[in-house]
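So, here's a batch of structures to check.
Two complexes come next, and they have one chain in common, chain A, joined by chain B in the first and chain C in the second.
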Partner chain A sequence: MNKVMSNKWVIAIYIFPALLLVGVLIFIPLILSAYYGLMEWDGIGDMKFVGLENYITAIQDLKFWDSALHSFLLAVFSTLSLAGYLAVSMILASKIKGADLLRKIYLIPMLLSSVAIAQLWIKVFNPANGMLNRILMAIGFENPPAWLANPDIVLYAIFIPILWQYAGFYILIYYAALKNIPETIIEAARIDGASPLQIAYRIKLPLIKGVVKVTIVLAIVGSLKYFDLIYVMTGGGPNGASEVMASYMYKLAFSTNEFGYGSAVGFLLLIITLIVTVIVRKITADKDEIQY
Partner chain B sequence: MKRKAVTLLLSVVAIVLVLAGCSDSESSNANSDDGNSKTIDFMHLWPEGSSAEHNRIVNEIIEEYESENEGVNVELEVLSNEQYKDKIKVLSTSDELPDVGMTWAAGYMEPYVEGDKYASLDDVVESEELNGQFVSGTTEAFSVDGTSYGLPLELNIATVFYNKAIFEEHGLEAPETNEEFHNVVQTLEENGVTPIALGNKDRWTGSLWYMYYADRIGGSDLLTNAINRETSFEDPALVQAAEEVQTLVDMNTFNDGHNGLSDQEAKSMFMNGQTAMYLIATWDLPNYTTNEDVPQEFRYSVGYFDFPTVDGNGDKNSYVGGPGVGLFVADNSDVKEEAKDFTKFFVQKWGDKSVSEAGVIPATKVDAESLDLPQMYVDVLDDLNNANNLTLFADVQMSSDTAEVHLNQIQALFGGEVTPEEFAKAHEKALSEEE
Partner chain C sequence: MNRIGYIILYIFLGIVGVFQIFPLIWLFLFSLKSNSEIFAGSPFTLPKEWLWENYATVWEGGIGLYFWNSVWITVVAIILTALFASMATFAITRMQWKLNKLVLGLFMVGLMIPIHSAIIPLFSMFLNVNLIDNPWSIVITYTAYNLPITMMILLGFYYTLPREIEEAAIIDGCSVHRMFFRIILPMTAPVLSTIIIINMIYNWNEFVFVNTFISSDEYKTLTVGIQNFIGQYMTDWGAIGATLIISLLPILAAFIFFSNKVVEGISSSAVKG
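Here is the complex of A and B:
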């Protein structure tokens, strides 16, 4: 095998298919969208070069920053929710009865398609016949809110299914990481008289730090470019109250025929996500990696 | 060494396969010209699942056409509405529109016309077979600068459908004036019945209410003129129309949380008898007449009334509505003449079949007498014959970015986030920026 790998041509051939796919499906569209961002184009007729005008408009576009704010709020909430998932995984990993079954149940939302989840939660949130408001009324609330119609609430209402959707995914990752910790270390700590809380906080957490960092990046990046449930459940409405960056971009490019401007917003979305990722990695960077 | 050769060979094969996958569009176009058989690519948006009747009629028409025209093949591609919209857009950017496809009117088709994607259909509209066949106002909606680029297939007007059983129970009658209408709403509200179902997540649904008030208060041309920039959108009548909408909202006329509900959900509230009224266009007629899936008892109890007059103003024979989809022929089609001929054939056959078999009111004139139609159809066709004006749906009239402002403002208006003055101002700003 070493002999095969020493030939540069073979390496090139092995890499080429993947490189081709990544190039055609990711990098070329990326460059194209940056390029379209320089055009005034309705996506149908002729293009007109306008330089950086679209980017400048986007930076001054209050609606864009509103949607960016909503995306960042989602990022904050999904990052905070990681703590909850971590706690759940700790419990699951500590050999309680039925852990295996519970883990599978938590994973189910992850297996459903986003549109199915959206339809499900649209029914849950229905102001008159929805499960949520029926329960609230049954326990004595007189005027439960119209979750998806009230501009002050709608964003947070949609966060619930979004977080719910990905809970199983993060729990699974943490669970696997926790299971990887050698039993002997925990055994030793226990003999030294550490309480379960101390074991969790001082031993398990530091040992899976690497995984936690990865999930933080995943959660933040995933939130910044989040689209599915918002698009299906409210379409960004009412009046933009639940618009996020990706849904705003989609709306510009595909419903209002501002393909050039939409591309510019899409490219800004990429840059923002990139910057945030770099910052997050800087903050969570560690000098000394802990080893088992 | 031998193994290396095999690896190399396999990789090459893999690459070739990947590349081959990228270039299928060439081959499908190539065979449309071989010999004397011609292929017309036709894309429509009525899948069998959701529009069974439409789908069947289209297939019948195609079959008839193919048997009458030896050597012409019609190749079909069927997508559902939203996917259709996305795909057409993508195809048009790469100049690969189907020979014949479906388009929406006015604001939607303008960029396609300006980009020279659609062929002029003046010769088809003025042809012997079709001249004078279209209901007036419908072909105009598919024209840009006096040239037709689409053949309208459907025609819909919006009317208020109401549940007669609920009205009777509370001793109410179909209102003629806005005052009577307010009374109806108030009575129902006091008796714990939600008066009107509205799914304003879709936004054009709320726009209908605003458009009708604008029509009744300001006259049938005012809104159109404001959109065409002949008058200002800050006209007092247009502001008053917005006030009327908010008055209704304040009277708890609409179901709770209407801004978060889709039209489909609102419709099901009306059809379950949870609300007494529902403003929708006549594409919904089958649900209240012939659709066997809807309980007969409900179908019998549905009636409709024209939008009431306001303070003695307004013409009840003026309607908000418009043609739905129409057919276009791609300008770069290599079988343009055949495609035009096909659209002509299609429109004629569609006019004969659509109303009696699918319950769709076509944009061509229908002889209601000769067909065995449910009474509600006869009434609607009658209304259409007596219509003095047809105002095209506002979001269709406007260019797509102004339409976006309009639709968002509609949601804000119904949600009480803006005052009627701010509502008018936002429209004026968006419209004047476009000039």
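Here is the complex of A and C:
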């Protein structure tokens, strides 16, 4: 038995394809990204070693900081919206008939491609014929805005479909966690005279604290590297008003052929994401995890 | 809680549901209308005439090709991912060797890498080996980037398989390969269906890799294809709507028939970066 199950050749054959693909297509690019970041390079011609110059450029690059600010704003909005999702999940998990069907309906936008969602919401936001402005005009707004063309509001307009896309995902996670709370605990609190709000806030919320922390990390990290919808809907425009870190990086590499600088920005994106993850974990860490 | 309270809660949940689903219903409605009806009429009415020919037009106009590209790339990548992930997970959890925990750790680190940090080097690597504008670059990239999450979902299942099965198989003189393909792999069918669904959603919807690595129309998948296509038909809302509905249909169909598997897959992949 042991001899057969520890045959080195067999193990190698079973591990090899997966390890090769992950090594070559995930880990090597990561190392190369750090390396390219130290070069001046247009992607085709010769590379020139420039040391940390790309990183110094990034620190002085107002466009980079603008995009970073937009990414952080998205992270803030995504995190705040978690409270709303949590409230919906609390209601959903409180003996609602059809809760299973409802949470599946909520999940649908999450399953669709970002390109299709982006194209759909371009139409929703269309100034003259879009669904949103049609509704606004029907209820009496004279001049509803051109959502995606106005630099002052474009960023916030794009946040709406992003939140729309992920709402069902977070509700699904919270709902599953809430359903795991033993009914006896809730029953005991009810007998002691706790109101539904008190039960939600004082009992259910602390019991799913671990899950809430995970979703906070997910929301923040996901926001910092967010790309798809923004790239398709506005390409970061108008005039950089909706640019985020990932779309700025992509534009540097594939529109202006600054592969070296783009790689440096990409590497910064990775580092910022990792640092923020560690910080968020530290802040939300607490020693006395509640057991039940 | 009293009755009125419950009614208010149902209304609230209903409004959330309408918000989540209504843009899609609106999309379906305008996919069957003509421009004049869309621009003049109310956005919420049923089409006067149901213009199914919008669908035929865009299908013939190129969407059909993108659709089949999406199908074969998605299917081949799913098969490779499921096979390689199962093999590696089998070797890590069931076979006896020293470095298994380290190799597992390596795969799990792969979960945390944002694809955008790797896309520039990937592009230049593919350029060097002539895989740019070749659909196989997409297939192997999808496989590689889905392996870590797929293995993570498989792990729990493999750890719970009883040792006795392997012992019995080996005593009967079964080789490892035969045991894996004939006994273990069929036993993992429930979890395999979950990973197939979750891989299907990722592959079908993926955009950045195709947008970056593929330039010829003949290899483009739906996500990138509809992006170009909509450029051409920018003014014909009905055609745009039909294109988007076609691109959403396979996933919606999978969701309708296997909604519990989808929910299971989405929840267990919550950690994906």
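FYI, the second predicted complex is superposed on the first by the 268 of 292 C-alpha atoms of A that agree within 3 Å, B and C clash if a C-alpha of one lies under 4 Å from a C-alpha of the other, contacts with A are read in each partner's own complex, and residues count from 1 in each chain.
Basically, a residue touches a chain if its C-beta (ideal position, glycine included) is under 8 Å from a C-beta of that chain, and two chains touch if they have at least 3 such contacts.
In this text, all values refer to a predicted model and were calculated from it rather than measured experimentally.
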{"item": "Contacts of A:14 with chain B and chain C, given as first, second, both or neither", "value": "both"}
{"item": "First, second, both or neither for A:149, with chain B first and chain C second", "value": "first"}
{"item": "First, second, both or neither for A:188, with chain B first and chain C second", "value": "neither"}
{"item": "Partner chain in contact with A:80 - chain B first, chain C second, else both or neither", "value": "neither"}
{"item": "Which superposed partner A:235 touches (first chain B, second chain C, both, neither)", "value": "first"}
{"item": "Touched partner set for A:254, first chain B, second chain C, both or neither", "value": "both"}
{"item": "Touched partner set for A:43, first chain B, second chain C, both or neither", "value": "both"}
{"item": "Chain A residues touched by each partner, larger count belonging to chain B or chain C", "value": "C"}
{"item": "Set intersection of chain A contacts, chain C complex versus chain B complex", "value": "4, 7, 10, 13-14, 17, 21, 24, 43, 128, 254"}
{"item": "Footprint of chain C on chain A - complex, ascending", "value": "1-2, 4-8, 10-11, 13-15, 17-19, 21-22, 24-30, 32-33, 36, 43, 88, 91-92, 94, 96, 102-116, 119-121, 123-124, 128-129, 131, 134-135, 164, 167-169, 172-173, 176, 196, 214, 218, 221, 225, 227-228, 232, 246, 249-250, 253-254, 259, 262-263, 266-267, 269-270, 273-274"}
{"item": "Touching residues on chain C, where the partner in the complex is chain A", "value": "1, 9-10, 12-13, 16-17, 19-21, 23-24, 26-27, 30, 38-39, 42-43, 83-85, 87-88, 90-92, 94-97, 103, 106-107, 110, 112-114, 116-125, 127, 140-141, 143-145, 147-148, 151, 166-167, 170-171, 176-177, 180, 201, 204-208, 212, 222-224, 226-227, 230, 237, 240-241, 244, 247-248, 251-252, 255, 259, 262-263, 266-267, 270-271, 273"}
{"item": "Interfacial residue positions of chain B with respect to chain A in the complex", "value": "3-4, 7-8, 11, 14-15, 18, 22, 85-86, 89, 92-93, 111-112, 114-117, 194, 200-201, 203, 255-262, 265, 269, 274, 399-401, 403-404, 408-409, 411-412, 415, 417"}
{"item": "Chain B-touching residues of chain A, taken from the complex the two chains share", "value": "4, 7, 10, 13-14, 16-17, 20-21, 24, 42-46, 122, 125-128, 146-151, 154, 234-235, 237-240, 251, 254-258"}
